Amino acid sequence: MTKHRGRGIASINYPIGMNLGGDPSQALVHSNPSGKFTVSLSSIDLGQGMKSVTRQICAETLGVPVEDVYVDTADSDTGPHCMGSFASRGTHRVGNAVMAAAKEARGVMMEAAAEELEVNAADLETDGRGNIQVKGAPHRSISTKDVAIAAQFRQGKTISGRGIFLVPLSDVDPETGEMSPATCYAHACLVAEVEVDDETGEVAMVRMDSAYELGRALNPRLVEQQLVGGAWMGVSHALYETTEPYYPDSSHGPRDFVEYLMPGPGDICPHDIAVLERPAADGPFGAKGPGEMCANPALPAVANAIFNAVGVRIDELPITPEKVLRAIKAQGGARSQPRR
Amino acid sequence: MLELRKDIFADERDDNLKEIGKGTQRQDMLGHVTGTSTYFDDHKLQGMLHLKTVRSTHSHARLRRIDTTDAERSPGVRRIIRGADVPRNLNTLLSLINFGIDDEPSLAVDKVRYKGEPIVAVVADSPREAYEAMARIRIDYEALPSVFDVEEALKPGAPVVNETYPKNTFTYYDKYDHQKLRFGDVERGFGEADHVLEQRYQMSPIEHAPTETNGSIAAPDTNGRYVVYTSTQALFFSVDTCAKILDVPSNTFHFIGGTVGGGFGGKVDTITEPLAILGAMLTGRPVRYMLGREEEMQYGPPRGAERIYIKDGVMRDGRVVARKVRAYFDSGAYTRLSSYAAVKCAAHLPGPYTIPNVYGDVYCVFTNRTPATAMRGFGVTAMDFAIECQMDKLANLVGMDPMEFRILNAYRDGDMKAHRREAKNTALIECVQVAAEKSKWPLRDQFKRASSRKDGGGSRAVIPPTPRDADAQRAAALQQRTTYDRAPAAAVREAPPASQPSPPPPPRPQAPSHGAARFSSVFGTRRR
Amino acid sequence: MPVTVKTFATSGEAAAALSSDRGARYLGGGTLVMRALNEGDIAISTIVRASDHALMRIDAAGSRVTIGAGVTFAKIIAERDLAFLHAPARSIGGPAVRNMGTVGGNLFASSPYGDFTVALLALDATVAVQSGLGAREVGIEEFLQSRERQAGLVLSISCQKPASADAFRYRKITRIKPKGGSVITLAAHLPTSSGRIVGARIALGSMAPTQLRAKSAERALEGRPLDATTISAAAAAATEGTSPTDNALASAWYRREIVGVHLRRLLSGQE
Amino acid sequence: MSKSALQFLHNGREVAIFVDGGTSLLVTLRELIGDMTPKFGCDQGGCGACSVLIDGELHLACLTLAETVSGRAVETLDGLKDGPNLHPLQRAFADNFAAQCGYCTPGMLMAAKALLDRNPSPTRADVVEAISGNICRCTGYEPIISAVLVAAAGGRTRA
């Protein structure tokens, strides 16, 4: 037999944000005269879905349909300061800033509605469909559009809000490393199954099963994008990627996508994912950030699966066929471990 | 396939929400599928020039002479930019949060420290004309010895990569050559352990490989300002870095970005914007500077390599009682963000487990390679690889199921973490349980019943007595590998390290200071 | 200076233009020359093209096939009479590259490219080259040894069709699927006569700076039936005479280790 | 300057321009015609972000010498919609969340169109082969493969 299957696991946690320098983000929310809202950010959407997730956070907080919100990102003249899209801070930091801004805007909107309906603002609620109504008496309602017109043209109010979310600087104790690097942590466990060819050292992915705890999946489709693509990247890191294939020797660095190896559409395997939600005390609706940590468990899970399949430990990344083959030869052949 | 396990932690959530939790379509999807999403390079400006850089062919060399006279006369050339043209030709990215010392020029002047370091920028009417001019630039190098291995770089007599840090390691708190983590007494832990296992792990550099390479277009605006279309992942980081390097107020710039063709950490470093803007300033024309794919792969900053040694003490019943980690981040020739990664990495130790004795030394080391930067999982990805491979070996060593082994050691609510903060809102155990369920991996009942919300805290909440370094045995650098998986139980205990005279204790500063992190930029004082 | 593009009606004129201008390169499918231009190869100052239909012709009706140098891999895949070349053609690039890349260009593609040429080498193809002195036929082995010095323009390649589908086998070992650069590439032509192999040809890619024949392995096969013993002997001899190097895709050590394994699998029809 | 005249069909519309010798079709489309849908990803032929159809065949615009499309029909993502209506592939990509950063999407869609134009009922393996020249760094490919299969099935199922 030349092909051996094995399973391996890894479990990890990951800090959300990184506040060793202080970690602020700001947001501005304002309504136009038709009751449609714009969120102004200097935050970046590099594919992770910044525009979309902050849009939902804003809509939920304002109590308006998501279609009534548009997120404008990354203009230094109109968007207030944001540290940037890194360290899994988008959903958590920017989300919180948007939430704060939307809360302030909602306060003005409810005041304006109260004036129009001649009730106390505390007695009003939003229906999530673009109307503001008296609690318990939904027939007494006004649309956000009419509120916006009234605020703008009669009441002289600006339905807008400013938000900042700052995790203050944490100093580090130089002697012990005592610090507060993050306020919450996401978690994951991934099981990888691989097939190893003991004559060539080639490793093929068979399947993955995983569980990710993310505080709250604000948009499950966006979360799925991150987790599926992230696990792919984790496998890619585990088995393929390096800019210096003979590190620390720096020769033979890849120059193009033929030489820089990443799994192609023919190398992928089924991946079954469960998402758990244990809300973070300071996350927007409890959310943490899935973007980075989703890649991490795949690397060791694959390495551990290779051990299970053929009995060799490869402790250097990437786990190339060469490393596997050398280890199998050094061991005197594949030694499958008890099947898990 | 994604399944939401709403049943778990349901009592901690209010799911009565209207927009949150829905799989709403992305705001940008229509733009993506119609090709109308506008990336930085999709701005077509009248009279746009092209900037390309001449890069070092040596990994370490003195620059004896740079002769651009012939190139200046090359057809289509609008401007040759050299280091002397850069107003403040020395920067370090995290100076914006007062972390570290300026150590990297925009264009090398007297020395190059990695192969591919930019030396001269050529601004020309077309890429072809830029290439033709580049071929006419003469650079005399005096090659210097290079160092590529992180541990070699730390040895006395190693070539000095970056004179700002003559010991080839970033300086923490103005006095240490590494970031420390100290929690409990690892040496005592090893002494009590049934097995001790030390292993070495290595990761090599990784490219972010976004389908859009790094780039920017800078153009003079109508009011004396400059508009900059950019692929940056961190807009104000880029604005402020450019303001500093070009020595102008930050409101000189109108940065526009926000729709970026992938980043993964590779677009944080502001590597194209300063030169693109400078080109626009010097020519009065729009200037585009976009990395080619080979440049992106070899000279765009990678996820840095890491070398990690982990030494663990484990009991026969599976409890990990001590974990000692020594990690080296290969920062390449300049600091960029690796100094910060090392701190984040130290805070991450010993992984999501409650281990009573933890000791970490994390180094940020300079070598003659492309400077490293952040990438998805920054500071943690390689450490997780090492820790989780190590956990698998330990489970094997004590004959435990690897899932159950992790549940046994998992941190729980109320436990004290090694960076001396209480663990809250933990969920590692539940993730392991659900992954086991999904993969039909059998767990024994006691492990199925375990919970992150039970059995934490109490004695696990205590900060254990922690010897000061000066009092502790200065552990020699133990780098030998031990055999493990096949070893008979208890046969892998290492000999205790030979005792050495302790160095005198370093003076303790009044307050932590790494020039210390006050976020200032954008934003008030830049330096204390 | 911008590049000058010269398009000629005949391959003879194009060949003459190439030999008279050191900065001239012939543009086939564009995968080599355009990439070089994009990446700043200023040594190229002239692009030469030929609209000669002969370059696009496939003559595959008889037992000997002739394929114009300008024929793309997609055209080969679409040609039923060239079924024996479908596997090598399919192993090149993705669909776009196969619509562009040509048989002629592949002869000049250096490692890790040039896989189709491995197949041609196993088929003992001949290369028709047009130079200032006229057209001539060169054996592919000789052509490859001197390809850097080749003056003129490749017009076509031709080879004998294998006697049966089983007589010609090809495999490209890649890290990435379905499109990846070659770790090693193998092609075997095994004509048989009364159950014995006569005129075995084994060609390898990525086992030396240029594609080469594994002559020891060929000798191990020659005159023998294709049985397990013969296959083992050929596999054991696969590395002889090779000089693989390290590159980003694999090391020389690894290539040497696996070439025999893959040759054995190829010859025994194993996945 | 040695510019040469060039005429071709761009998404069904005739265009006539002058190009410098050696200019690629990618630069021609983006800088001279203003069609920004084909993306610059590598200029090496390795990523597929600039994929376009030439006379119905998938080509890489970055490796195509502009002069070679003279008199031919070039299709880009810009021409995929039917007026305001999305092409079934565009709808399927959206419904399947088959784009994240969106930079590879124009090339992926053109590669998928090239497949479905010739093979309206592809297998999964056909789809994998069809997009094999296109790099996606975000999605892990699975949503893209699903989207193409869904589009081929007339948008009836979510894979």
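Note that the chains take the letters A, B, C and D in the order they are written out, and that residue 1 is the start of every chain.
As a working rule, a contact is a pair of C-beta atoms (placed from the backbone, for glycine too) under 8 Å apart; a residue touches a chain by one contact, two chains touch by 3 or more.
These numbers come from a predicted model, not from an experiment.
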Which neighbours do chain A and chain C have in common? B, D
Which of the chain pairs holds the record for C-beta pairs in contact? A-B
CA centroids of chain C and chain D: separation to the nearest Å works out as 29
What is the distance in Å between the mean C-alpha positions of chain B and chain C? 44
Need the CA-centroid distance for the pair chain B / chain D, whole Å please. 35
Residues of chain A whose C-beta touches two or more other chains: 46-47, 49, 221-222, 224, 228, 230, 233, 245, 253-258, 260, 262, 264-266, 271
Touching two or more other chains in chain D are residues 20, 22, 42-44, 46-47, 97, 100-103, 128-129, 131-132, 135, 137-138
Which residues of chain B are in contact with two or more other chains? 25-26, 28, 126, 128, 209-210, 259-264, 292-294
In graph terms, with chains as vertices and touches as edges, which category applies: line, ring, star, complete, or other? complete
Where on chain A is chain D touching in the complex? 46-49, 221-222, 224-225, 228-233, 256-258, 262, 264-266, 268, 271
Chain D residues touching chain A in their complex are 42, 44, 46-47, 97, 100-103, 127-129, 131-132, 135, 137-145
Chain D-touching residues of chain C, taken from the complex the two chains share: 2-5, 7, 27, 29-31, 34-35, 37-39, 44, 47, 49, 74, 93-97, 99-100, 178-179
Chain C partner, complex, touching residues on chain A are 199-201, 240, 245-246, 251-255, 258-267, 320-322, 325
Contact footprint of chain B on chain C as seen in their complex: 1-3, 37-40, 42
